[in-house]
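To keep things simple, chains are lettered A, B, C and D as they appear, and every chain counts its residues starting from 1.
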Amino acid sequence: MLGSGLLQGLGVTAKNFVGSFHDPARLTTTEYPEVKTKLPEAYRNFPFLVSENATDPMGTLRCVACQICEKECPPQCIFIEKSKDKKPDATGKLQLFPAVFDIDVSVCMSCQICVEVCPFDAIKMDQDFEIATTDRFTGLMLDKHALAKPNSYFHEIHPTDAAEVDGRLAAERKAAEEKAKAAAAAKAALAAAPKPAPAALAATAKPPAAPSAEAPKTPPAA
Amino acid sequence: MESAEQIRDRLLAQFPGAEISVVTNPGVAAQHSLLLGAAHARAIAEFLRDDANLKLDQCSNVTGIDWPEKEIIETTKSTVPDPAGGPAKVVELKTKRIQPGCLEVVYHLYSIALRHGPVVLRLRTGNRTDQSTVPSLTPVWRACEFQEREVFDLYGVVFEGHPDLRRILMWDAFKDHPMRRDYVEPDDYEWEPTPHGAVLEKAKAHYPAPSVAAVPAAEGAKP
Amino acid sequence: MSVSDLSSLGSPGGSHVRAVHDEFHGDLLEVSMGPHHPSTHGVFRMIVTLDGETIVKLKPVFGYLHRNHEKLGENTSYLGSMPYTDRLDYLSSMTNNWAYALAVEKLAGQPVPERAEYVRVILAELTRLLNHTCLAGFLMQDCGCSGTPLMYAFREREKILDLFESLSGSRMMCNYQRFGGCRVDPSADWLDGAKKLTDGYGAFLDEFETLLTGNEIIMARTQGVGRLSPALAISAGVTGPMLRATGVNYDLRKVDGYGVYPRFDFRVPLGDHGDVYDRYMIRVLEMRESIKILSQALAGIPAGPIMDPKAKLRGFRPKAGEAYGRIEGPKGEIGFFLISDGSPNPYRYRIRPPSFINLTILEDMCLGQTVADAVIILGSVDIVLGEVDR
Amino acid sequence: MSDQVTASTPPPPAVTDAERDELRRQGILLTSLQELYTWGNSHSVWPLNFGLACCAIEMIAASMARFDIARFGSEVFRPSPRQADLLIVSGTVTKKMAPQVIRLWNQMPEPKYCIAMGACAISGGPFKQGYNVLKGIDRFIPVDIYIPGCPPRPEALLHGLLELQKKIQGFKISGPDAPRHLRADLKCDCPVPEFGEHDLEPPANPEVWTAPTLVRSEKA
C-alpha cells in the first residue's frame, strides 16, 4: 500500500520519541558541565611530563633531555634544550635534565608518538581537555612548569599503565643498586688484594656514574 | 598474470620500434614496471586495456615523481698489472657524472575483469624544465582525468591530449609546482615557538636582531 | 558569453550567480555551489550550469582542503606519517591506518602476527559500520530528512567511537596500527564490548531500514537518479560501493584477499541500476555482511602477540624499492604508493584517494538531472574532503 | 540572573547580591540593561553551519543527541552567515579557502564571535608546514576563543562555548571597554586577501595579527 513505508517510519520515530522519556538506551545525553563523562583509561589529549613527587616537580622530572621525542614528534611541537649540568634522576644516576621543555599544544596532534618512543617513561598523555583560552601565545605554549605533573596524577588517570611503569622503574632501580653494590664489592676485593685499603674508602666509593649507559646517546640521525 | 618481461616482449612484437624497457624494483614487493617512450605510449595503453590476456581495464592510481638532477660518484675498481712484474695493484677510479633530472608519471593498472594486477607503467619527461610533456592517458582510462590534472598542478608535467588540463588543487594564479623537490615556499615563519632543522633556519630570520648593547657604546652612538 | 569559456571561472571572486546567454538555449544560469554550502559535505565546490532546472554542465572545483599531506609525508619518517593518515578520511581512520601499514609492510617485507590481523579486520569492519551509518544519515539529510536519520546514525556512531576510544585513546584519530601489528592489545573486556555492539547492531539496522528503506518519498527521490553504467564506472576507476552498485563484482577483500579475509564467510552485495537508491542499499547490505564478518572474527580471534617482535618502532628504514598497497576501505580502494631510497623518510608518498577518483564521473551522473538531485548524487558518492584534497 | 552579577560590579553596589536574590525569591527580577543584554546575547549564540575538516565532524557530534549543544542555546546552526552570530572555524584553513572564510566573516552581522576549533584553525596544527595551509585563522580575523585539540572532544567544544559565554557576559555595553560591535570607531570587516602567484596577498592582516617576538638563545 502506498504510504505504508512512511507510516512504518513514523512508527520508528514515535517509538524513539516515547522511548526518550524512559528508556535508558535512548537517553543518551551527557549533561556535560555538571556531569563529566567518564573518560576511558586510554584516553589521551596532550602530553605532560612526569615528576616523581609533587613538592619538587622541577627537581624530580623523569625527563633526561635526550630529545628523542623532539625528533620523532610528527608535527614538531616539542622544543627541548639540554641543561649544562647534571643531577641525579629517579634511579640515582646523574643525568642531564631539560633546561627548556616547551610544547606548543596549539600544534600538537595528540598522536602519542612521543610517549611511545620515550625510553624513560618521562612523558605521558594527559586527559585534561578543558583548556580553551582567549590567547594562544600565552595560553597554549606550555613550558616545563606547566607540563610537570606528579606521578600520583599519572596513577590517577592511567592506573594500569602507571603501575606497570612503577614496577619496571623499581626493578631497574633495584638492579642498578645491586650492580652498584656488586661493583663496590668487586672494587673492595680488588683493593684488598694487593694492599689492605681502608674499608671506609671502599664502602663510600660509588660506582662511576654512567649517565649514558642506557640513555641512547644519539638517536639515529633523522 | 604475465611477468613484466613477458608483457614487454609481447608489446615489442606488437609495436616494433617502440621504446619499452623493464624497470626492476629492488624492494621486497618486486612490483616491476614498464618504462614507455612517449611515441607509442597511448597505443600501448590501449593495447593493454583491450588485450584478451591482460584486460587492464582499471587505471587505479596515477603518481607524479620528481627526480631532480643528481650528482653520482661511481667507484670502479680495476686491477692494474705492475709493469715491474710485481703483484697486480687494485686502483679505484672515481668518476663523477650528473644524472639528468626528469619528471616521472607512474600508472598502476589492474584488471577488474580478470582480477589481476598491478601492471605498472612509467612515463618520463625529457627534463624538468622545457621538455616536460608526456602523452595523456585520459582518453584510454577516464580515471586519469583528475589525477593527471593533479600531477600537472603539483609537478608541472604537461599531458598532451588531456581534455581539460587546468590546475586542480591550487588556485589558477599560482605559479609554482609545490611538490617538486626544489620548491621554495613563501616565508611565514614569524611565530615558530618550537622550531627544528629547516624551520629553525627560516624562523631565525624573524628573531630579534642582536641588541645594540652588544656593540660598544661609543660606536653605537655614532650616526 | 558562451558556455564553453566558463572554465575560466575556476577562481572564486566573481558574483555568486550569473546568467549566461547562448543563442540556442536561451538563458543558462551558472550557480556556484560551495565551498560553503550545507550539502557539499565540507568544502567541496561545484560550478553548475543550469538550463532551467536541468544541469547541462557541472565542474567540480577541488583544493579547498588541500593540506599537502603528500609533501608532509615526504618530510616525515614512516612512523610519523601514521597519525597523518588518520586525518585523510576522518570518518574511517582505522582503515586508512591499515592501508598505510599494509603498504609499508609490503615495502619492507614485514610480517604481521595473526592476532593483529584479526584485530585489524575487527576494526576495519567496525569502521565500515561507522562510515556507512553516517553516510546514510548524511545522504538522508541531503534528501531533506532533516535531522532524524543523522541523529540516529550519530547515536550508533558514538557507541563505536567509545570502543575506539577505549582501545586507542582517541575518538577519531586512532593512530592505532603499526608496521608489523597494532599498538595495544585489546583486552577481553574490549572484545566483549565489541561483541555486544555487533550483536545489537542488527536491531539498529532493522530500525534504520524501517525508517528509510521502504519510505516512499525516499524511493521517489532516489530511484533512477544519478545512474552510472558499469563500463563508465570501470573506466573511471570508480571503486567501492559505488562500483558494486552498478553490478560489477569487485571487492578487494575477495580479490586481493589481504589480511585474514579469506577465512571469513561473507557475500558481496551487488546493485542493478547504479542509481542513488542502489548505492544506499549496497551500503546497508554491506553493513549486514560486516556484522557477519565481525561475529566470525570476534569468535575466532586467536591468542598471541599483537606486534611482530622484530618490528622496529624507531629508526625504521626499508631498503630501496617501491610498493603499492591497497585495501577495500569503506569508500573504495584506498591505496598507498611508497618509494623508498633507503632513508628514514619515504622518497615519494602517494595516496590513492577513493573518494577523489569516484568524483571523476560526478558530471556524467548529474547531466540531465535537476539541481536538487545533484545534491543527493554528491551525497551518494560518499566523499570526505580530507581525502579528496589531501 | 544572579550569577551574572559579577559581570558589572558597579563601584558602590546599589543592591547587593543577597538583596537581589531575596527580591527574586519574592518574584521581583532586578537587572540592569547591561546584564540583560549580555545575558540574552550569550545564551543565544547561533553558530554558522560551516565545517572545514575533521573538527567539523566533532562539531556535528556536539550538536547531536549525546552532547546536545541545544542545552546552551546554540543548536540553531544557520546555513547563511547573515543569520549567524558565531563562526566556528572547525578545521584546517587552507590558503585557497582563507578568502572564503574571511568573506563569510565579513558577511556575518555584528555582534559576531569566532571560535578557532582545533589545532589547524589555531596555528595550522600538524599541517602547518604545508605550502597551502594557513598558519592560523587569526592571521586574518579576530578570534575570541581558541580550543586546542586534534580534534577537540565535543565536550571541549562545549567548554569553549561556555568560555565564550563568560567572555560575552563580561562585556560592557558602553564606555571604552565596549566590544567591537558597540564602538563606532572600530572596524568590523576584515580585508579579503587576493590569490597571489606564490602566496596570499597580503599573507596576514596586520590589524589583527601581531605575533610576539620570540627571543630564543642559540642552541648549544
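Simple rule for what comes next: a residue touches a chain if its C-beta (ideal position, glycine included) is under 8 Å from a C-beta of that chain, and two chains touch if they have at least 3 such contacts.
In this text the structure is predicted, and so the values were computed from the model without any measurement.
More C-beta pairs in contact connect the chains of B-C than those of the other pair, out of B-C and A-C. Centroid analysis (C-alpha atoms only) places B farthest from chain D.
Distance between chain B and chain C, defined via averaged C-alpha coordinates, is recorded as 28 Å. If you average the Cα atoms of chain A and of chain C, the two centres end up 35 Å apart. Averaged C-alpha coordinates put the centre of chain A at 32 Å from the centre of chain D. Computed centre separation for the pair chain B/chain D is 44 angstrom, with centres defined by C-alpha atoms. Residue positions of chain D with contacts to 2 or more other chains are 65-66, 96, 123, 126-127, 129, 131-132, 150, 153, 195, 211-212.
Each of the following residues of chain A touches two or more other chains: 28, 74, 76, 104, 107, 109-110, 137, 222. Shared interface positions of chain B, i.e. residues touching 2 or more other chains, are given as 169-173, 178, 191, 193, 199. Note for the complex: chain B touches chain A at residues 191, 193-197, 199. Interface of chain C with chain A (complex): residues 76-77, 79-84, 87, 148, 152, 155, 158, 162, 165-170, 173, 175, 183-184, 207, 210-217, 219, 313-315, 344.
Residues of chain B that touch chain D in their complex: 169-176, 178, 183, 185-186, 188, 190-193, 199, 203, 206-208.
Only residues 28-33, 36-37, 45-46, 74-76, 81-82, 84, 104-110, 129-137, 139-140 of chain A touch chain D when the two sit together in their complex. Within the complex, the chain D residues that touch chain C are 49-54, 56-58, 60-61, 64-66, 79, 81, 91-92, 94, 96-97, 99-100, 104, 120, 126-127, 129-133, 150-151, 153, 195.
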